[in-house]
Each structure stands twice: as C-alpha cells, then as structure tokens.
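Before anything else, here is the set of structures, which you'll find just below.
Next come two complexes built around chain A: one with chain B, the other with chain C.
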Partner chain A sequence: MGKIDSAIREIHQVDSLASRDSLLTGIAALPKLLVTLIYIVCVVSFNKYDLQGVASMIVYPLVLMIVDEIALGQTLRRLRVVLLVVCAVGIANPFFDRQIVFTIGSVAVSGGVVSMITLILKGVFTVLAGFLLVSSTPIEAICGALRQIHVPKIFVTLILLINRYIVVLLQEGHRMSQAYALRAPGQKGIEWHVWGSFIGQMLLRSMDRAQVLYESMTLRGFNGEYTGDTPEKISGSGVGYLILWSVVILALRIFPVFALAGQVFVK
Partner chain B sequence: MPIVTVNHLNFSYPAGKPVLKDVTLAVEPGESLGIIGANGVGKSTLLKLFVGLEGVEPGALSVCGLPVTKASLPGIRAKCGYVFQDSDSQMFMATVGEDVAFAPKNYGLSADAVTKRVDAALAAVHIEELRDAKNYQLSGGQKKLASIATILSMEPELILMDEPSVALDPKNRRNLIHVLKELSGTLIIASHDLDFIYDTCERTVLMAGGTVIADGETRVLLKDQSLLEANGLELPLSFTVRA
Partner chain C sequence: MHMADALVSPAVGATMAVAAAAAAGYSIYKVKQEDDPKKIPEMGIMGAFVFATQMINFTIPGTGSSGHLCGGMLLTALLGPYAGFLTMIGVLSVQCLFFADGGLLALGCNIWNMAFYGCFIGALIWRFATKKGVTKGRITAAAMIGCVLTLQFGAFSVTLETLASGITALPFTTFLAVMLPIHLAIGFVEGLITTAVLCFIEDARPELLWCPEGNPALTSPGKLSRKKTFGVLAALCVVIAGGVSLLASANPDGLEWSMARLTGSTELEAAQNSVSATAESIQSATAFLPDYAFKQSDSVLGTSVSGIVGGLIVVGVLLLACYAFRFFRHKRAGH
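So, the complex of A and B:
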C-alpha cells in the first residue's frame, strides 16, 4: 500500500539526511543533543500567554533549516500527523478562557486564543527541534550522546530497537497489503471485515521477524545492551556550536527580543 | 578432535512431531560440509541447535570444543558465525559498515581492531565499496555478501549457513560460490540446492525424515540418482544438463 511504502521511504530519507555531508552533520552528536534539550526546556518554560516570547524561538529552527538546507515544506509534510495532534492540544482553550487580553483593531482577542496559539507554537517548535536533531545526526550517534549524558543503557537500547523494529513492522504491513491488493482488484484499501486477521497476522509476522533479528544480534555478541561507537570527540566547532546556541536561546528566553526590535523600528 | 560432534541427537518442538531422530555426526576442523534434504527434514533445525537457537539438548551436541549448554552458549556463539536464510532479518543496522562492526564492538574490541576486522571482512567478500552503503539500498546478492561479512568480522572458527543460495540470480550465485571457496575455516551449509552444495562442499550429509540417511564425499553422493530420488531430491541440474 502506498501509505506504508511512503512511510518506510520517509524513514529511510531521514536516515539519509542524517548521514549526508553538511555543516550540521559534521558536528558531534552531544552538542547538538544538548542544544536541542536546552531549546526544548526554554520553549516549554514560557508562560501560556507569552505568545511574543514563544514566537521569538522560531529563530533556532529557522536558522538550522537554512544552514542545513532542509526544506520547510517537506519537513512540515513529514511531521503532519504529529503536528495535527500538537495543534489539537490547545483547541479547547478559547472556549474556557474568554477574557479579552488585547484587541487588534476592532477584533478582541481572548486569553484562550492566545494560550492556544502559544501551545501550538510550543508543540510545533519542540517537534521541529527533535526532527532537526534526527535529520542531522544518525540515531546511533544520538544514542551514543544519550549515554554520554548518562541516560540508562536500557532506555538507549530501547530507543535503538524501536527504531529498527518500526521498519520491520512497516515492511511486513507493506508486503501483506501488496499481497491483498493484488488479489482484490478494484478495492480501495482493505475492507473492514479483514482488518482483524490482517493486523493479527501482521503482528505475528513482525514478531517472527523481530525474533530472527534478535537471534541474529545475540549470535553476534549482543547481550541486551547496545555497544555503540566510542563517544565522539567534541571538536572546537562542536564547543562553539554549543556555546553560541546556548547563549542565543537563553537570550531569546530571557529578553523580549521581538519587542525590543519592534521598539527600535518604532522609534 | 571434531569441531562439531552430534551424538544420537533427538529433537522435537513443544507438542510437535519429532524433527530430528537419532542424528549422529562429526565434522572435522577445516571441512566443508553440505547438509541436504527435502524441505522440512530438519536441516535448518540442526544448524540452529548448534548455536542454541532452538534450545539446548544436553549431552548430544558439542561445538568448537564446548558442550552445547546454556552456560556455554556465549562461548560457542563467539566462535561460530551463523548466516540466516533471509539477509533482511540478519542485517539490522543502518549501513553495511555498521552491521559488520556490530559483532567486534560487542566483543569489546578497540576501535582500531574493529576497523581492521571490518576492512578484512569486507575485503574477504569483495564489497569494500559498500562500507557506507545503506542496507536498504543493497541488491539481493550484495545483501547476502554483506550478511556473510557481518559474521566474518567475528573471525569465526565455524561458519554455518542456512540456504545461502536462495533468491540469488546465476551471476550472484556464482560470485557467492567463488567467495565461499576462498574462505578458510570450517563451513557447514544447509541447502536443497544440490548444485550449490556440489560447488562448495567436499562432504555431504543427506537427511530425510529427521535423520541422516547418507554421509560421504559430495561428488560421489550427489551422483547417486536412486538415493537422491528415494529421499525426495533430484540429481543436480548441472548433471542432467550435461547428460
């Protein structure tokens, strides 16, 4: 089925993005991971009515996308499902919080609308930051960096295995849906009465394949803990990246940069 | 001393019919052994038992000088390379190089040693240029060679291969035969591709009904048309074409 096929392709494309040669992929995983964490913490720490402050945080993903030549449209398309969920989070706010906080011309804007937009922006920015990290760093390197900041091995191994098994699950789903489509000409998708056995079979087959994968790993010395690469040495550019972005992100968090810039133009 | 000893081995899956019945076999170091037989005679099961993938049968098996028990499995697995029938299931890392490096890293080798092992393993199967290739971009033949490289990096004493020629086109099949002939160490191949066994193994064991029916020189055993046909096999295709 096209959707499963394109999901597998998109996973592979993100893998390919992470392993290409670019300014950002040349930097060690640890500084990138730390900057991403600092960014996410700063974004979520804004007050729910501080729309201006949250909006100013767009600088980080925007600059990275330009520097790393990642297309915004493609990124948003890839993240569409997650972003829809994120956008749905604050959808009820305008109904509960109707206090007018400001007006734009004759249009009154309630606190609920502001908090909804703030929540949406927070969600979009944090998802974008995560995406920018995985699209510029191979998953193994991210896991290596997680180990460097002492995230327990069990979690790191779990992340790696989930990353591998998702593809296995999708591949099985793809094979089965192709087999179905070839024997059900003219049908759009899979009929509802087949879904029970279809999903059941897909899970059983995925488990079988996952079992073989696991056996293959254990036969090559895997004992429940992934032994990744030796930690990458952080170069000068990595340190510079970490310091520069930490300063910029903290400045954006502490100072009302957009308001200050606006005042400059108004004066 | 044999590298593999199978002594009156019986095996059945839980609540299932017996798969292996009184199998006795010894493989000397440096031998290349083909295990042939029709589908379902227990060839793959036997291979899996060598490395404990189907549980352990105490007392009946010894591999690389160690009895196959739960406690000795890590030691046995460190000395054996097992190539699965489906290369997709064998390779789980993002790139060929990472997959080939997986085992040496797990066995605690230094970064330099890992690099050397990876270089040597890729060179042994002539795919040095695929080091940075993504696994999902490989053709069937490349995947098979890469999956062999993933176990060669362990420098195994014993190589076990389950149906290695399945789904390979003639050119890749010939290439694989060429690569296997170059390998040193002990090789055990389970397959119903008799031409492949003829080209790669000096000795062959014929299995039927879960037991060993014949054991002998490949070039003699595979010419025994009546024996093969009595056990659900046919003469290798190359023999019939020549005839």
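So, the complex of A and C:
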C-alpha cells in the first residue's frame, strides 16, 4: 500500500510542480523536449572511461534546478529506482576490468571503477533531465509537443487517457488493498487463492468504467480522436532556449570544458 | 526489467526505437482498421488498470516474498496483440515520464523487451492454445507458457542491448546466466497471477477474452501469421546481434562517428588545439598551481588535476550566477 500511496503522491507532486509559475514553465514544451533528448543522447554517448566528460554534463541539470527552484530532496528521491538498476549492472565492472588507468598518490584506480562511476553519473544525469522536463511541463503540453513532432494521434490520446485515469485506479487499488489488509492483519501482500477475484473484480469494474467513459465521450462528440488539442505556439524565448542549450550541451560534449577551464589556473 | 538511459548507447537506443516505432505503426494501422471507437477509451482505462495493479503486491506461496503483474500477456488476452501493444507503450511512456522507471532514450528498448514480446509472442501462444475454444486448462497453459517465455525473450534482449552498448564488463554468458534464472522466477509468478485473473474473467465475463478465431478480421490469411512474425523477429535479432554490436564496437556512438566523418578524427584535434593555444597564453599569466598534476595524467581517463580544478571553478561560477539570477528575479518580482 505504501507503494500506491507514494505513486499517488509523486503524481500530484509532479503535477503541482509543472503548474507553477516559473521561468521554465513559461517556455513551450517542444523546445524543452528537444533539449532533453539532445542532452540525454550527448550524456550516454560518452566513452565509458570519460569520467571528466560525463562530469561536465552536470551543468545542465544544475543550472535548471537552481533557476527553476526545484528542491534537491524531490529530485534525489527520483533517483532511487534508476540507481538500483544501474548499480546492479555496473557493480561487476571493477571485478572484470582491472586494468589500472591512473593513480592518485599510491592508490591505483582500475578501468572498472572508472566505468562504474561514469555509468552511475550517466544514470543520475539522464534521470534528472527527464525529471526536469516533467516538473516544468504539464503532461498535456508534452503530449502537444509529441503531436508537433508527428507522433500519431491515437498514441497521444492513449497517454492522456492513461494519465487521466491512473490516479482513479490507483485510489481504487489502494482502497481494495486497504480493505484486504484490515481483514488480514500482519499478512504481506494478497494471498494466492484470492489473486483472481481480487484483480478480476478490479478489472471488470475498469471495463465497465471504460464503457461509461466511452458513452460520455461520444455524447461530447468523440469519434475516435481528440480534436480540441491545438499545438502550443513556440515563442522567441522557446527558440532562444533551444539554441542556447543545444550549443552549450554540444560544446560540453565536444570540448573538455572542465580541463580547459582548469588549464587557465593549473599548468 | 526497465532499462535506464545510462544502460544504452545512442546507436542501440535509436535502433530499438526504430524497431519499436515500426511495430507501433503497424499496430496503429491494425487498430484503425478495426474501426471501433470504443477501443480507444478501453485501451486508456486498461493501461491505467495495468499501471495500478503493478503497485499491488501478491504473496508468493512458500517463499515469504511478493511479486507483481507486468501486464503484457493479460492485455493481449483481453484486447488482442495490437491494442495490447499500444496500451503497453502508453503504460511504459507514463512510467518513464512520471516515475523515472526507464529512460526516454531507452524507451524503444523497453517497449521491445516488455511490450513487443509480451503482446505479439504472447498473442501467438494465446491464439494457438485457445484455437479449439477457451477452457481453464488452456488459459493456464497459455498464460504460464506465455509469461515465462516472453519474459525470457525480454531478459535475453536486455542482455544483448546492454552488451551491444558496451556498458558492462560482464562476459555475455555470465550476464545471461544471471538474467535468465531471475526472469524465469518472475515469469512464473506473473504467469500464476495472469492465470488466476483470466480464469476469473472466463467465469464471470467470458466475452471479454480475445478470441481471434471468432473474429474474421484477425483470422484471414496474412494477419499475424506465425511465419511472418518469426521472420520479422529473426531479421531483427540478426540486426541487433550483428549490426548493432559491430556498430557499437567500431563506432562507439553516432556523435563520434559524425565527428570522424566531418573532421577525420573523433576528438576534434584542430579545434581543441586552437582553444588550448589560447588557453595556454592566458594560463601563463593566471596559473596558480604550476607544474602540478596527478601521476599518469595522460592516461585513458584523459583527466588531470586541471580537469578537477576546472570542474570546481565552472560549477562554482555557475552556482554563483544561478543564485544571483534567482536573487535578482525575486527582487524584481517583489517590486
């Protein structure tokens, strides 16, 4: 049940972040979506030993988090899922890749350790980029941007419908789980002999809800497609945002910016 | 099984996105061909349903642990392969956007690993098992075999995609030996839950189950034929196993490949040299830590103390600039 609670809380949290009045929320969704994609591609394209290059990509999430006033705690919580998966894959690297690539004093650092840290950084930065997109852009606006890049209408409609009904069904699942837990105290999860009826009842109610939804949508003129979604206009600030960040991200990807900045002070 | 962006290279991510987009395009065409406007809200609700049920834990008998539903096979048995596949894409997209469960670049991989096998291979198994009518035994066989097999396919693909991306130092067989048994257990649990739900539906509302034999649109020649599907699968396996791995090893990423095509080098030496020369002239006047660097600073890491100092300076300047920007913005808003 804690899982459902936290899922509902996270959805509300992202919704409220995206509907704030901030510098980033004022920019059209399409430039933000494109910048996010460019950033993710550039981050993951670094060589697995290029720790310095990957580290320099911190610039984008760092600037946006401060400028858009997103709390660090909120963002760190998003990392728990991805860090688990990434660490599980990366943890083997120090054991299999033992070639020494550099030393710090008397401590030798192997390629496996470097590639593991690089992988973790890549995971953190790409998740942050995704979170910064959804925390500054309502899902309807993201779907509008998807339409602008010609993602099929049926698919966009589907995302909007799933998004709209997710909380309703999560709450229903929460109520059912809570009712079950109250009748079976101290039991972990749902017992196997009621799996079918538990989910089955929920499924039947969902199908009935889909029927009611379809009828109400038909009464409002639905003919298989949403027609009211007008694409968001991209203002000068949106174009500026796209150009500025694209240049910065590509520069960080191509040039060793950190090393160049350091060379000014260190010979 | 959700793959994060960090686990895929741009080449693998793009290839899988193209493969997933092709399957999605065909599915959209098939769903449109069915011309059932009721289907869209049904798919939306079912997507939300799968999402919600994934949050409910089910006790696994005799283990003390719990598992959850993935949904691909269940959606196929209720909506058919095409609508089920599109619904799973919707679920994966929302998971990726809202919960950072799977990355944007890795979305194609995740669609392929979890939705494609679950819905299309699952549909073949469901169709074969229920050919002579739907009974509890056939539902059990289809759901168990379908869930176990499609999860094994998915786990195999995750291994291939991760290795082709050059992410892990684990040998292929070792990685596979870790991935497959874990997903065998997960598939078995999912199969049990899916069986229980489908048997309940068969008792309560059997008309909700997908029956391709009863639908002429899905049984006419050429529609989801096994030969065609396996042909496409085989071709894509060859592309992924051969083409992408070669591309990944010879050209680690598309950007470096483009740079090599443009400049003849993957490092943009000329550009770097000119910038370095300018930096060097400024450096002689500003260096406050001369002749100080880590041992083997020209190693594969390509870093030195200058990189660390530079990083700290860049980040420090950025922090100052951002906080100053925020301060003046608030000040202006206050007026």
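Methods note: the second predicted complex is superposed on the first by the 197 of 267 C-alpha atoms of A that agree within 3 Å, B and C clash if a C-alpha of one lies under 4 Å from a C-alpha of the other, contacts with A are read in each partner's own complex, and residues count from 1 in each chain.
Throughout what follows, a contact is a pair of C-beta atoms (placed from the backbone, for glycine too) under 8 Å apart; a residue touches a chain by one contact, two chains touch by 3 or more.
Nothing here was measured: the structure is a model prediction, and the numbers come from that model.
S.K.: Using the touch definition from the top, say if A:L213 reaches chain B (first), chain C (second), both or neither.
M.R.: It touches chain B and chain C both.
S.K.: I'd like to know which partner A:S19 touches here: chain B for first, chain C for second, both or neither.
M.R.: A:S19 contacts chain B only, not chain C.
S.K.: Going by the touch definition up top, name the partner, chain B or chain C, that contacts more of chain A.
M.R.: C
S.K.: Which partner does A:W192 contact after superposing on A: first (chain B), second (chain C), both, neither?
M.R.: second
S.K.: Tell me which partner A:I234 touches in the superposition: chain B (first), chain C (second), both or neither.
M.R.: Touch partners of A:I234: none, neither chain B nor chain C.
S.K.: Where does A:I139 make contact in the superposed view: on chain B (first), on chain C (second), on both, or on neither?
M.R.: both
S.K.: So, A:G221: does it touch chain B (first), chain C (second), both, or neither?
M.R.: first
S.K.: Once chain A of both complexes is superposed, is A:C87 in touch with chain B (first), chain C (second), both, or neither?
M.R.: neither
S.K.: Which positions of chain A sit in both the chain B and the chain C interface?
M.R.: Residues 139, 164, 209, 213, 217-218, 222-223 of chain A touch both chain B and chain C.
S.K.: Enumerate the contact residues on chain B facing chain A in the complex.
M.R.: Touch list, chain B to chain A: 51, 53, 74, 77-78, 80-82, 84, 86, 88-95, 98, 102-103, 105-108, 111, 132, 134, 136, 150-151, 154.
S.K.: Quick one: which bits of chain C touch chain A in the complex? Just the residue numbers, please.
M.R.: 2-10, 13, 24-25, 28, 31-32, 37-38, 40-49, 51-53, 55-61, 64, 66, 69, 78, 86-87, 89-91, 93-94, 96-101, 103-105, 162, 166-171, 174, 192-193, 195-197, 199-201, 204-205, 208, 252-256, 259, 268, 271-272, 275-276, 279-280, 282-284, 286-297, 299-311, 313-315, 318-319, 322-323, 325-326, 329
S.K.: If you look only at chain A, which of its residues touch chain C in the complex?
M.R.: For chain A paired with chain C, touching residues are 3-4, 7, 10-11, 14, 23, 36-37, 40-45, 47-53, 55-56, 58-59, 62-63, 66-67, 69, 78-79, 81-82, 85-86, 89-90, 92-93, 95-97, 101-104, 109, 111-112, 114-115, 119-120, 122-123, 126-127, 130-131, 133-134, 139, 142, 152, 154-155, 157-166, 168-170, 172-173, 177, 187-192, 195-204, 206-207, 209-211, 213-214, 217-218, 222-225, 253-267.
S.K.: Write out the stretch or stretches of chain A touching chain B in their complex.
M.R.: Residues 12, 15-16, 19, 138-140, 164, 171, 209, 212-213, 215-223, 227-230 of chain A touch chain B in their complex.
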